[in-house]
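Before I ask anything, here is the structure I am working with.
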Amino acid sequence: MLSWVNVAIFLIAGVVVVAVGLGMAWLLRPSYPDPKKLDPYECGEVPFGDAQVRFNIRYYIFALIFVVFDIESVFIYPWAVLFRQLGVFGFFEMLVFLVILVVGLVYAWKKKVLEWV
Amino acid sequence: MAALADTWQALLDWYFALPTAILVPIAGLLKVLAVFGWIVINVLILIWLERKFSGRLQSRLGPMRVGRPHGWAQTLADTIKLLVKEDIIPRGVDRWLYVIAPAVVFTPALLVWAVVPFTKNWIVSDLNVALIYVAAAGSLAVLGIFMSGWGSNNKWSLLGAMRAAAQIISYEVPSVLSLMGVVMIAGSLSLQGIVAAQHRVWFIFLQPLGFIIYLISTMAELNRTPFDLTEAESELVAGFNTEYSGLRWAFFFLGEYANLLAASAIAATVFLGGWSGPFLPGIVWFVLKTYFFVILIMWIKWTMPRIRIDQMMEVGWKFLIPAALVNIAITGLVLLVV
Amino acid sequence: MAEIDLRTVTGGDRPELRDVVQKDLHEDEILVNMGPQHPSTHGVLRVVLRLSGETIVDAYPDIGYLHRGVEKIAEGWTYPQFIPMTDRLDYVAAISNELTYVLGVEKLMGLEVPPRAAYIRVLMAELQRVASHLVWLGAFGGDMGALTVFLYCFREREKILDLFEMATGARLTYSYMRIGGVRNDLPPGFVEKTRDFIKLMRERLKEYDALFTGNRIFEARTKGIGPLSAEWAIALSAAGPTLRGSGVAYDVRRAEPYLVYDKLDFEVPVGKNGDTYDRYICRIKEMHESLKIIEQCLDALPDGEVMAKVPKVIKPPEGEIYAMTEAPRGATGVYIVSNGTGNPYRLHWRAPTFANLQLIPDTVRGFKIADAVMIMGSFDVVLGEVDR
Amino acid sequence: MSADTWELIKVEADKYLETMKSLKKDGLDYLSDLTAVDWKDKGIIEVVVHLAAVNPGTDPRTGFGRHVRVKTEIERDRPSLDSVTPIWPGANWYEREVWDLFGVDFPGHPDLRRIMTPEGFTGHPLRKDFVDQRQKRERVPHTR
Amino acid sequence: MNTLEDIYRSSVSFAKGLGVTFKNFLRKPVTLQYPDERPVLPVGYRGIPALLSDKETGKARCTACGICARTCPLGLIKIDSVLGPDKKRILNDYTLEAGRCMVCNLCVESCPFDSLVMANDYELADYDPDKLYFHKDRLVELGRPYEHSDPFHVDEPKKAAAEAKPAGEAKPAGEAKPGPGGEGA
């Protein structure tokens, strides 16, 4: 548990560094406000509408597949650490697990979910 | 002289006599400060190095003027410039997201360093789940990138953010899976444990496939060419950081280099045996191996054209993930047979 | 004749671009301005993209940001005075523009240039082609994120510019061609330096090849991207490597030889599929061919004058002329109407990229933003001649 | 230098479209250029089209096809001429340019808008009697 | 096995690319560190039009005929002259609006008296646009190092000698003594 204290210190220190940096910049920087400067950049032309728009639903499917695989890897890690103790049985068990996942991947592949729009 | 030594001894005695509850945070703080110093100095060097290195690759000289010889002070000058730059928060931004995004990108790059072993004894905290921690900390940055892209109220930023999210989550999986073979051989998730497991032979030789997958996916997670799609200046102007300037932008930039350094250090530790090596002290080996990766990644960056986003997703999902799974299976089989 | 109200003639209620692009906008489509200030539109080209995700549903190019009214300016200037102005049209290939213009005026006057001048002109035009293609290749690499190639290309282009500087005294806007010949003879040492350059350039072209041709990422980014069929390319008046990449072997140097091109041995490279890759290959091969032509010119360079006898004040007879040359970007033409005075009555510039830009909507539709950048890059747009 | 090699065809405005269609059928598939000349004194605008054949053809000298210049005179006050964009899609921008700079209307053109001049511009600059009616901008005083 | 071949081909092409960049890494950089190092300008470099002056008297050779002013496409040359006692024009001032000059060389070519030259000075920027109107004195000063407007000027006796040689031996044109300004600005 104690080793996590250091990590916490790291986190706090990281935030402090950013805060100090931005604070210093806030003190030092000049300010010449001009409404023209606040335009969002759209290559020098007046933007068409708002940028916060709906995206295509297919972006989210990537996130879903990612969740599946990331949780999978969390499962594999403890198995990998103890691989030598688990032996042949553990190996094949994990193989079955992986095959199921791969079937899912192939399904997504064939359904053309993995294509970017 | 003797008096000084005595005082020092007394100070140490007093220090070690402190109760653990105080001792550990102080020791931690000192270590953290040291590591911070290391990161800051190295990032400054890295930025300069990249400019000089890419300059030489391109038959240029790179920075030469600020700080002679060879413009060593260029990065410092740039930092000062960015520090005193006017801050512009464009109209229509999601203010909170816009403001805190740089911090969210920058901090995880530092967090990784909590578990990197510099030498046998020099490590901030030798977590027993270090590799999972590294992966987790490394993928935090995507949150910041997405926040900046969405919060900027700019279409190029938004496209960059969408790309970033998809790219980093797609390459997170192979990068994690590619390390699995190493974990299986080492039987440990602690980086010190992994270094110790390499005292005879480096994992780059035992896990060549895993290494290549890791290198590719790391470069993708670092957003470096050929995978710099989130910025992709010729396509998206500057991607997620289009609307940023001054020190806010600088934190994205610093974060990128801190990440590069961290990823190189992890790669050096996991695949090249970290600080271990003959003759020279551990820290020297560590620095050499880290910079080997830094240079390698820069070299690739300045040679390759950029891949397209859909091709990138294809490579990740249809090639790297299956290959990483195959790597696990092969490693398992070999370990069972041997 | 009564003054007419121009507004009634214009029918001022024509739709503007903004109305056109917003028509029938689907709800998950977004409109984005790409340009005029965008890293990869190579100037002030503006393309309004209608996107669904990252896929381009439609594109609307908009030009005119660099419109200087060159054709109107020409009407107020004398014939020789317009030569420096032609440099500013396609500023990446200034010599080719000068050549087109002076050829036009010479044809109008029935003037014959001395053989040495003709060879020097061809030599310069081909050097310019190599230089221009190098700029294109570098920018093309830059569009793809391979910035190193950009710097390599510019490094080699510097050598050509050195040659130009030596011969003409300037590096970009040469003002070298004159009606009746060229301004001055080649300086001593020019021929040797050019030969050295050709040797160097051939080596360097191999290096570019190693970086691009055969590179898996490069092929993935260019093959099959932005295909343009031969019929469509002709129908849309595409020009230069964009036309030839589609397999149409139309090169003004062959179709209507000018100067000494009919005495020179060179090939007109053509592509097959008309995709971005073919256009790339065409230009690379053209660089090789140009080097070949330059060598032939150096070998065959005759002695003699470089200027024909021309009257002090140039007043072509009444008439009209349409002269075409093959500039690096394609067939450049100049249409001059003379009314017998010292100024052109009307001068029209046919710019190859003006025609090529029309291809944008048809070629980028259905591709990604990243592809659109590559496709536009492969047309080698120079807005100076598009907008004039 | 060789003289002008372009074959000249003059047509009346009402026969213009017909002639163009038949020329296209004759293999002149490449519209090289389309522009106009303002003959203010004669009260006409002359639309000049340059057509070429890009496919190897019959020209004994080069092996390429013929080159044709088509000229049509139209009234200067109410300039209007059938669009050739349906025949050569590439004429699209050329006709837009002639519209923008000379004010010639092209009925049948799919998208006749101004192309060179900015939005809201009035007048047609390449006409000989064009006067720029925009406000002259002051030269910005130099500041350091 | 297509995939394997693909991977092999990709790897080879990547290695080739990395090899090229490495080769260039070893090459000498081509950067010219401008204010410290200066380019060697070729003979005939066009910097800015300047007035040639007579070697003996040091006065501008310009006769104020005004042909250059008429030739200049942008009309940047203004000549201020008065009629002298012997019906010859006397040059009072010669103004060039250098800020807009596009160094096209047309004025130099048009000059019938060989009194204009393209000087190869190029560092002529100024903070004040009004100072970019170059007047007679400055232009004469700029033109001081030059003797002829034609950079490849062949000395008359030498030219005669070259012509006297048998035709077969005649060197290609251009074998001329380097003109002034070859040493760089």
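Order of writing sets the chain letters: A, B, C, D and E. Residues in each chain are counted from 1.
Here is the rule we go by: a residue touches a chain if its C-beta (ideal position, glycine included) is under 8 Å from a C-beta of that chain, and two chains touch if they have at least 3 such contacts.
Predicted model only: the values in this text are computed from it and were never measured.
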Subunit E reached from subunit B - shortest hop count over touching chains
1
Enumerate, in label order, the chains that touch subunit D and subunit E alike.
C
Of all chains present, which has the mean Cα position farthest from that of subunit B?
D
Which of the two pairs, A-B or C-E, is linked by more C-beta contacts?
A-B
Distance-to-centre winner among chains (Cα means, whole assembly as reference)
C
Whole-Å separation of chain centres (CA-atom averages), subunit A against subunit E:
58
Hey, how far is the Cα centre of subunit A from the one of subunit C, in Å?
45
Can you give the whole-Å distance between the Cα centres of subunit C and subunit D?
20
Among subunit C residues, those touching two or more other chains are 30, 32, 38, 54, 148, 152, 155, 211, 215, 368
Residues touching two or more other chains, restricted to subunit B: which are they?
57-60, 155-156, 162, 237, 302-304, 309-310
Residue numbers of subunit A (touch at least two other chains)
42-43, 47, 51, 53, 55, 59, 116
Okay, in this complex, where on subunit E does subunit C touch?
6, 9-10, 13-14, 16-17, 19-21, 23-24, 30, 41-46, 71, 73, 102-106, 109, 118, 150-152, 170, 172-176
Partner subunit E, residues of subunit C touching it in the complex:
77, 80-85, 116, 148, 152, 155, 158, 162, 165-166, 168-170, 173, 175, 183-188, 190, 207, 210-211, 214-216, 301, 303-304, 306
Using the touch rule from the top, collect the residues of subunit E that touch subunit B in their complex.
3, 14, 17-18, 20-22, 24-25, 27-31, 33
Over in the complex, which subunit B residues touch subunit A? Could you list them?
24-25, 28-29, 31-32, 35-36, 82-94, 102-103, 106-108, 110-111, 113-115, 124-127, 131-133, 150, 152-158, 162, 165-166, 169-170, 172-173, 176-177, 180, 183-184, 187-189, 237, 242-243, 246-248, 250-251, 309-310, 312-314, 317-318, 321-322, 325, 328-329, 332-333, 335-336
In their complex, what parts of subunit A are in touch with subunit B?
2-7, 9-11, 13-15, 17-19, 21-22, 24-26, 28-32, 37-43, 47, 50-53, 55, 59, 62-63, 65-66, 69-70, 73-74, 76-77, 80-84, 87-88, 91, 94-95, 98, 101-102, 105, 108-109, 114-116
